[in-house]
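Would you mind keeping the following structure in view while I ask a few things?
Order of writing sets the chain letters: A, B, C, D and E. Residues in each chain are counted from 1.
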Amino acid sequence: MTNSGALLPVIILAALVLVFGVIIVFGTGLLGPKNTSKDPASQKVKNMPYECGLPGTEMADTKISIKFYLTAILFILFDIEIIFMYPWAIKFLDSIQDGTGGYMLGVMGVFVLLFVVGLIWEVKSKALDWN
Amino acid sequence: MSLSLNDILFYFLAGVAVLSALGVILQSNPIYCALSLALTMVSVAGLFASLSAWFVAGVQLIVYAGAVLVLFVMVLMLFDTKTEKRAFSKGIVSGFFKIVSAAMIFAIAGGAASMSGDARFSKLTGVVSATQSTKDLADLLFKKYLFSFEAMGALLLFIAIGAVALSRIQGGTHAD
Amino acid sequence: MPTSAVVVDSISSVGLNHYLILSAILFSLGVVGVLMRRNIIVILMSIELMLNAVNIAFVAFSRYLQNMDGQAMVFFVMTIAAAEAAVGLALATTIFKKFREVNIRYFEHLKG
Amino acid sequence: MGKDVFEITVNILKMFVIFLMMVQAVPILVWLERRGSAFIQNRLGPNRVGPLGLLQLAADAVKFLFKEEFVPRQGVRFMYFFAPIMAMIPGALSFASLPLSVPIKIEPFQMLGQMWGPYTFAFQGYDLGIGIVFVLGISSLGVYSLLMAGWGSSNKYSLMGAVRASAQAISYELALSLSLVGILIVYGTFSFNEIVAAQTGPLTFRAFGAEHVISWLPNWGVFYQPLGAILFFSATFAEANRLPFDLPEAEGELVAGFHTEYAGFKLLMFFIGEYGHMMVASALLATFYLGGYNIPGVMPEDVLAFWQGVVGGNLASILTAVTFHLSLLLRIALLLWIFIQVRWTLPRFRYDQLMNLGWKSMLPWALFNVCVTALWVWFGHK
Amino acid sequence: MASSKAEFLFAILILAPLLGFVANGLRWKSKNYMLAGTIATAAAGISFISALAIVMRLFGEGAPKAVTADFFQWISIAGLEVPVSFVIDHISALMVLVVTGVGTLIHLFSIGYMSHDERPTKYFAYLNLFLFNMLLLILGENLVLMFVGWEGVGLCSYLLIGFWFTDKEKAAAGMKAFVTNRIGDAGFLLGMFMLFITFGSLGFSEIISKVAGLAAETGWTGPITLAALFLFVGATGKSAQIPLYVWLPDAMAGPTPVSALIHAATMVTAGVYMIVRLSPLFILAPNAMMVIAIVGAATAVMAATIGLTQFDIKKVLAYSTVSQLGYMFLACGVGAFGAAMFHLVTHAFFKALMFLGSGSVIHGMHEEQDIRKMGGLAKYMPLTHLTFFVGWIAIIGLPPFAGFFSKDEILWFAFSSPHGSVWLWLAGFVGAACTAFYMTRLMALTFWGKPRFDEHHTHPHEAGPSMAIPLVVLAILSAVGGFMGIPHVIGEILPGHPGNWLEHWLHGFIAVPAGETHGSAVMEWILMGLSVSIAGLSAITAYFFYVKEPAVVERVKNRMGRLHTLVYNKYFVDEIYFAKIIDPIVNGSKALWAFVDVNFIDRATFVAGDLVKGIGSTARTLQSGNLQQYALFIALGVVGFLAFLFELRASLGKLLMQAFGG
């Protein structure tokens, strides 16, 4: 069994969860009582998004500040830098055994330095401040 | 055609990938495009796994599916996107040319690939655990591609600074 | 069960070509997406799609040729893709701030 | 999946068992939470339905099944429905990849007039070589359910809540993955089995070029990575939106955050997702830092011999696996109790404090931790 | 030592007028005519004296044949050696004395004449410049220097004719003179080229030494004949012969002293002087000589007839000059180069005299030039009348005045010379008759008869001393000038047998036509008698016509009718020129412009412009700013590249085969 088969249980489990979810979601739909009242007003009110009783305001002007989008970008960049650390981390122990530990340390030192500089700049540039 | 487990897996994942790719370009609501792209990413990660490139599959999941697409979805929400009335660019003739050029690219690449004989994957030699393959990758990364590795670090730094600067631009060129 | 010794089983009929053809399909779909769509974000997504197609080809060849260079390249392609997405979306936001709508046509205003 | 029918069926059954474990965890935990919070607040928890109120949740489950179904008016229907399902996937998939106990060896036995050969079943959903990276990947998918719920319910406040929750999840995922780097450096491998295997026996570590053995301490990861453990543990709180970090759901106008519009079983699914995430977090913590299913000072062979004596045959190896599994469950329960305990003691963070903590303190500390471990390991082995 | 002294003298001779020009030129605005006049006259005087000093060297035994002066090497390119060097031999000695002598007198006369002008200094500057150029022309040792002088005098004649350029007509006259001269100069240049090609050098001495041995050419296209003809064309331009004489009558628009100096004495004779210096060359081209003779005779007769009907005093004199030049060319044509030089000198004297006379008349009559409004001026201007009277007798050729000797010599040679013929003599004879008639008419209408002007209003007065002196000197010269070249026939019968000094003087330098002369001494006497009698006869008839019976003139004029109008309008030559040459060229070019230029050249440029714009616009559409269009081009590029990489044909074929082949 080439090890690509190892994926099968993952897919089976995922399928299982999906099936279970779908059954329940539509199950409650079927089982539960229907909102049979024809009166459009009650339909409207009942389906209105829950605003602690306040009349629902339009979705249109939901303005999400740039901060979130900025965090997402920084997340990607730092995430990739962390991902680059993984192979290094794995290799580090072996490289110490075969004597190239210092070299690996140096290389990662530079990389981490860049990471830190990036982080410091972000902090200094108040990109991460949530007011 | 003896369909071994592996083949089923490949065709399933390939099917999902192609369908979701189609979804990406055909959906009129950009959010759905993003989600179908996420599905593509996951299926591609699966394909990597089927090629026993475990670490890269994991990275694909984390970086692409987990980070880039989250950014896409978040930006789309930022833009309060609605279903686009005209999703495709105007111009029938240019449209025709575009389709033709894409088809040609596929025809040539596909043709070349199919023509190059039936390259079978040789069986894996010896025990290849994900950790071991990652170690080989690390070896390669820090010996042969050291410079590009550091360059990547630098690039990410600059992008971080650039993105922040870009998002802070107040007036555009046509600050009307 | 990857750790078990090499288990001889029927050599899977799926070869390098299948992966390459898949990669070609995804790439062409990406090209169509870039050319046809009007929304900048969707164009960026199609570009990501094309990059993924390239990644598949890389990994397929790396598996076929039994050396890890392909996977290293995939790494770098991913970084570039992430960087590109970040900058692309930064541009898209500036366009959105200016024109309240994200449409590739607005880049024409930068024609100058 | 397996050579013959029996093995395949067993494996598939395993998937079901693991998923049910996760689903069943919710009522137990909810009950525990209610009783726990009552105990902390010096009041009685639910005790009407069944002994000590244990059946309370069963009743709730049935109630949820029959609640009325309704959808917010302009909601994006597909996303509204798919979000709860998506919430469950990360928890299930990552929990299945964890080694829960020692593998069970079954000698050949007679059943249905056919001899079934020897099997060894791994007491684990599936063993992917890249355990850690897989778990991180899957957990990063969790953000989608938040965003989809927020956008699907087309409720301005739920959207705000979803975006805030995802931003928070993202920020702490950074700290999480950095703290894992520490583990990678120490153990030098991705797969959980190897990590757990490495944590047997007394604490032995190399420092200043010599090998030191402290016999009375088990060889757990926490002693190698104390700071890493703390960072990991607090990061998981944020990932699961647990109390100190559950701002998006609790703020005044955000009401219940991204799942405001949900009711009935869909809400329950979100809880399954949340508690699943908590279970995975504590299981990971146990695996990395608390020696997984290893009972300190006790070797699997002894336990097997003991059960051989008592029961004998295949049942013995099954029972040994169960004992080790119970030891793991004990640690997970302990950690879960801490989760609940923290919920009712720590006050909630303001959002900017939360994000500052994530970016400006946890991330640097994680980085510091990585550097220290690297230097420590390097000096140790020089 | 002698030569260095010669260089010094030559330098003074030539540079004096130049310095005069520079002095006056720098202060050309000033109105002080007295100062300007004295400077100019002094410069002319100095050059005359130094010329005299050099010429004195030539006299006496053992005196050198020629005095040369070398200054510097002007052009030395691949075979063409043009040294700036000057020579005075027997021919140029005569010429230089005439030019500087008469020039000085005319400068003196101008002081009086130009006293009322606004730009006297500029006038005198031009006069000095003219003198300088004339000296270059005469003394130049090679054709190039002569050509420089040739052009210089042309320029100065233009400047001086158009001196009062504010008057459009005078400016046009100047332009006409210049253009016609230039046409002649073109011929001159071609002649120089021919000479250079055949002889490889332009120096007079070299050419003459190379020509010495050659035989005469018979055909028309021989190099020497062609050179001779071209040079003759140059001469006709400068000396106003048949085709190119039209500018001289109009040149009268300039101030009268200018006409006297340039258009009577010096410049116009340059052509004759050039032919005489190159006589050994012309001798070898009998056909060319024949042409020169015919043109000379024709010009003489035609100009004389036109002179009969002119009413402007200066126009009459101008046509008389053209006619006399015709005689000189007739002489050269028949090979009597000595006679030509003799007539040139004598003509210079009496023509300058008459022009100055007319100048003082015009001055007196307050710029009135129409002789019909004059008459009976003898009383008012006795000295002018007297000097004019001497000039009149000289020109009609009554012995013993200068005119008689030189003209008769020409007529005789026209008859007797090997190249001559009876027809040539007859033409000359008729010309002489007309000359006598119109000169007497002129005298009658201006000086004799009743005054035809309002005496109360205009008071003609005698000219001042500065104008009187030149008149007297020239009158004496006109009277005495003839004795320079007394023909042998007369020489024998006169006591002391004076020989023909001029012939002796020019002997070595001019060529004598080979072949026998037909006609004995007796014939010479007969011809001489004929010409004197016809001159006297026509003078008396003219006197009778215009003084006694003016009415008769009207009757004769009416009877002549058409012939009179023809002659009066100068044979419509100007009109013909305009009709045949100038207008066709102008209209032709206009038509050419209208058709070719507008249709083809303009159209071509417009088309080119539009083409570029067209291409530009198509290129512009490529940069529409539409990013997806750019992306499309990229895709197409990729397709092309891939096709190239995988030789499209093979892969597509296989694909299709797979798809359909099954």
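What we mean here is this: a residue touches a chain if its C-beta (ideal position, glycine included) is under 8 Å from a C-beta of that chain, and two chains touch if they have at least 3 such contacts.
Just so it is clear, the model here is predicted, and its values are computed rather than measured.
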Touch-network distance, subunit B to subunit D, counted in steps: 1
Two chains sharing the most contacts, counting C-beta pairs only: B-C
From subunit D, the most remote chain by mean C-alpha position: E
Identity of the chain that, by mean CA position, is farthest from subunit B: E
Centre distance in Å when subunit B and subunit C are each reduced to the mean of their C-alpha atoms: 3
Subunit A and subunit E, separation of their C-alpha mean positions in angstrom: 110
For subunit C paired with subunit D, centre-to-centre distance based on mean C-alpha positions, whole Å: 32
CA centroid of subunit B to CA centroid of subunit E, Å: 100
Residue numbers of subunit A (touch at least two other chains): 1-3, 5-6, 8, 59, 62, 64, 66, 68-69, 72-73, 75-80, 83-84, 86, 90, 94, 115, 122
Per-residue overlap in subunit C, given as positions that touch at least 2 other chains: 1-3, 9, 12, 31, 35-36, 75, 78-79, 82-83, 85-86, 89-90, 93, 104, 110
Contacts with two or more other chains, residues of subunit E listed in rising order: 628, 632, 635
Complex interface listing, subunit C residues touching subunit B: 2-3, 5-6, 8-33, 35-39, 41-42, 44-46, 48-49, 52, 55-56, 59-60, 62-64, 66, 68-69, 71-72, 74-76, 78-83, 85-87, 89-94, 96-98, 102, 104, 109-110, 112
Subunit A contact footprint on subunit C (complex, rising order): 1-2, 4, 7, 9, 12, 75, 78-79, 82-83, 85-86, 89-90, 93
Residue ranges of subunit C touching subunit E (in the complex, touch as defined): 31, 34-36, 104-105, 107-108, 110-111
List of subunit E residues in touch with subunit C within their complex: 623-628, 631-632, 635
Sites on subunit B touched by subunit D in the complex: 5, 29, 31-32, 35, 38, 42, 45, 54-55, 57-62, 65-67, 70, 73-74, 77, 129-131, 134
